[in-house]
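Paired with subunit B in one complex and with subunit C in the other, subunit A is shared by the two complexes that follow.
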Partner chain A sequence: MEKIRTENLSFYYGSKQALSNISMLIRDRQITALIGPSGCGKSTFLRCLNRMNDTISGTRAEGQVLLDGQDIYSSLTDVVDLRRRVGMVFQRPNPFPQSIFDNVAFGPRVLGMHREKSLDAIVEQSLRGAVLWEEVRDNLGQDALSLSLGQQQRLCIARAIAVKPEVILMDEPCSALDPIATLEIEELMQKLQENYCIVIVTHNMQQAARVSDWTGFFWLGELVEFGATETIFTRPQQQLTEDYITGRAG
Partner chain B sequence: MQRSEGANLRLAAPSVEGGLPVRQGVGPMSIRSAFDQELQELRDDVLRMGSMVEGALKSSIQALKEQDQSLAQQIINDDDKVNDLRFKIEEDCLSLIARQQPAARDLRFIVAAMNIVLDLERMGDHAAGIATIVLRMGGQPPLKPLIDLPRMAQISQEMLRASLDAFVAEDEKRALAITPRDEQVDQLYNQIFRELITYMIEDPRTVTRAMYLLFCAHNVERIADRVTNICERVAFVATGRMEEIPSEPGTEIGLS
Partner chain C sequence: MDRYLVQRAGFALLGLMALMVVLPILLVIGTIVVQGGGAISWEFLSAMPRDGMKAGGIFPAIVGTLLLTLGTALVAIPIGVGGAVYLAEYARDTWLTRAIRLAIINLAGIPSVVYGLFGLGLFVLFLQFGTSILAGALTLAIMTLPIIISAAEEALRGVPTEFRTVSISLGGTRWQGIRRVVLPQALPGIITGVILGLLRAAGETAPILFTVAAFFLPRLPQSPFDQTMALPYHLYVISTQVPGMPLQIQFGTALVLLILVLSLNVLATSIRSYFRRRRQW
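Moving on, here comes the complex of A and B:
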């Protein structure tokens, strides 16, 4: 089922064009991976999906990004609500220098939830959702920065899902993690996929091959090939894709 | 095989998003040279195994024609080397998959190599089967002059060589051009089959000697059949499609 669709999306940093005419269909409750060399536009594309690029001055988007059929770049869009619906997890875990509880409760509080009981419930639910609950349940008052990097990243995922988003964008969520923590996040993604639409940018092609249902290959700001992950990694249609995923270009 | 640290490190390297200029026009063979080297060694090993099998087939027919018992014994002994090489190649393939995480054409090539060596190993067994029959014949001349059987073996040998050439070139067209020749082999086999039947009907005392030749022909027929498997694998490497190459139904009779 369609969740996000981009139509001829182009993006500019000042006069420099970073994306040209990207049309992509992102399906709900599936994992879509974006791969490509550094500077190819995949992170720019990801940040277009919840208008994170708006915060960079001198940038401009053309074309459409439809979330459930509604253009998020229309003047009617409430950007705060958009970012609640389309959450984001970054490359390096970035918990706030607060307790584990306050990190997860941050979003719900901003959205006006203050009743202690419902906050307790939503924190537990989110930490369970991010498979962190069992490890931290007795230390919710502990400083989030004392957790391991892998736990911090799962905390950031818990923080993202606490506001009940529909889409989770992940920008290189494992690149700062060791292999085991990486596999834990990947495992978590498979679980989250049952309830969310997930889009992940990764430099690790094996990660894209392992976790995703759909893969898009970007090159110099263009979407060279998009298709089922199985097809992309066994019989890609484009020579450029083939050269990249077999490690011969890029 | 050398462990290719460079390629693995490169894949695991942290991102520098937006910081590096995009490299353009990087041609093949430029980055994964250690991996490419290993793929080349794999290709060479498959070819070497193919030529060992081709040699075994050729020698087995020669041993049959000349009733050369020591050559026959040599073929049987050498079959162990073919078997050993098959296991070496399979281990190398597993190692490549585990260490290099091949994808797309590289992955198809490695999987095809694993399948092809299985077929080659069985072809080697068929050649050794002919040699075993030669030993059983115990120096008695064949029942009849050998004309069709060497012809069958010759075509099969050419098919095998052409299929390995197509494998090296990863050329689907060349692979598909080989398979129709399997019908020629089948026709010759049928001809031999019918002829030997007439011998046996005419004089039942010839049954044992006729069966020796029939078994030999059958072994050759199986070899040609397995060449078509190799051709299917070559097409798979080239296109990613896994398809049986159709052959004429009912063109072979007797044992199969």
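Moving on, here comes the complex of A and C:
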């Protein structure tokens, strides 16, 4: 089922064009991976999907990004609410320097939820959702920065799902993690996929092949090829894609 | 010449110079403690001055300085911190914000006696506050503002951008991110800057000279429109204007002022180092 569709999306940092005419269909409850060399525009594309690029001055988007058929770049869009619906997990684990509980409760609180009971419930539910609950259930008051990096990243995922988003964007979520923590995040993604639409940017092609259903290959701001992950990695249509995934280009 | 010898001689010389930085502060404190320590007594701290200030205590001057510092804080903290939040978090780089920054830098460079005259002209005469705590505190507040704004802005900019981004990505408004994450993180730096600014206000003579300070007023101020004695001005008076003043009282007054200011300084430094140790990003 379609969740997000971009139509001829172009993006500019000042006069420099970072994306040109990207049209892509992202399906709900599936994992879509974006691959490509550094600077190819895959992170820029990801950040167009919840308009995080808006926070950088001098940027401009053209074309459309349709979330459930509604153009998020239209002037009617409530950008603050858009970001609640389209959550984000960043490259480096970045919990707030607060307790584990306060980290997860941050989103619900800014959205106006203050009742102790409902907060307790949503914190537990989110931590369970991020497979962190069993490890931290007795230390919710503990400083989040005392967790291991892998735990911190799962905490960031719990924090993101606490506001009940529909889409989760992940910007190289494992690049700061060791292989075991990476594996845990990947398993978590498979589990989250049952309830969310997930888009992940990754440098790691094995990771894209392992976890994703769909893969888009970016090169110099263009979407060279998009298709089912299996097809992309076994029978790519474009020579450039084949060169990249076999390590001859990029 | 042996290059190792040169190095050793060089280090010795540099070490000596570093030592010479410490020497004056030790001498200042040492002299004042030795000469003025004997003057400190409960009466000296808690009584009104008597016999043309040659006897009795300096209670009204201590209270005056505390009140002036408090008044300065009430005015300078909200304006200074608020302005810093605006400059660090919201302001885009326009000619207006550049002008504001330029104004702050220039405010910091104005000699304190000029603030005094300005306060006299604006608050005492034009706005008719009279020679009063209100006029003095406002004058000191203007002098303190650039210190507080600069320190607070620096503290805010020290908080990683990431926290603001994450807050936005969770559906928070910019202000929610600032209030819930950025401000608490910047607070130690802001507090330190505030204390250092107030410290300067507490010790200044020139800005209060024409705006609030009373030569001799052996009672406590009754309202914000009252004059008051204040420690720095009192010290100036008894050191230059009263013939036959016992040296011990002069140094005793200096010691009280020094203790007041240094303890604020120690407080600021320990707040800063305590939170620096706790900070993990």
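Definition applied: the second predicted complex is superposed on the first by the 250 of 250 C-alpha atoms of A that agree within 3 Å, B and C clash if a C-alpha of one lies under 4 Å from a C-alpha of the other, contacts with A are read in each partner's own complex, and residues count from 1 in each chain.
Heads up, the rule we're going with is that a residue touches a chain if its C-beta (ideal position, glycine included) is under 8 Å from a C-beta of that chain, and two chains touch if they have at least 3 such contacts.
What you see is a predicted model; the values in this text were computed from it and never measured.
Classify the contacts of A:S57 with the two partner chains as first (subunit B alone), second (subunit C alone), both, or neither.
second
So, does A:S74 touch the first partner subunit B, the second partner subunit C, both, or neither?
neither
For A:Q190, is the partner it touches subunit B (first), subunit C (second), both, or none of the two (neither)?
Once the two structures are laid over each other on A, A:Q190 reaches no partner at all.
Could you look at A:S23 and tell me whether it touches subunit B, subunit C, both or neither (first, second, both, neither)?
So A:S23 meets neither subunit B nor subunit C here.
Determine, under the contact definition given at the top, whether A:S118 touches first (subunit B), second (subunit C), both, or neither.
neither
Mind working out whether A:S148 is in touch with subunit B, subunit C, both or neither, as first, second, both or neither?
It touches nothing on subunit B or subunit C.
Applying the document's definition of touch, where does A:N139 land relative to subunit B and subunit C: first, second, both, or neither?
neither
Please identify the positions on subunit A that touch both subunit B and subunit C, taking each partner from its own complex.
No residue sits in both footprints.
Show me the residue ranges of subunit A that touch subunit C in the complex, using the header's touch definition.
50, 52, 55, 57, 80-81, 83-84, 87-88, 90, 92, 94, 96-98, 106-107, 109-111, 143, 145, 156, 159-160, 162-163
What residues of subunit B sit close enough to touch subunit A in their complex?
Per the touch definition, subunit B meets subunit A at residues 7, 10-24, 26-32, 35, 101-108, 239-240.
Quick check: in the complex, which residue numbers of subunit C touch subunit A?
That would be residues 92, 160, 162-163, 165-173, 176, 180-181, 185, 279-281 of subunit C.
Subunit B touches which residues of subunit A in the complex?
37-40, 43, 91, 172, 175-176, 203-206, 209, 219-220, 233-236, 241-243, 245-250
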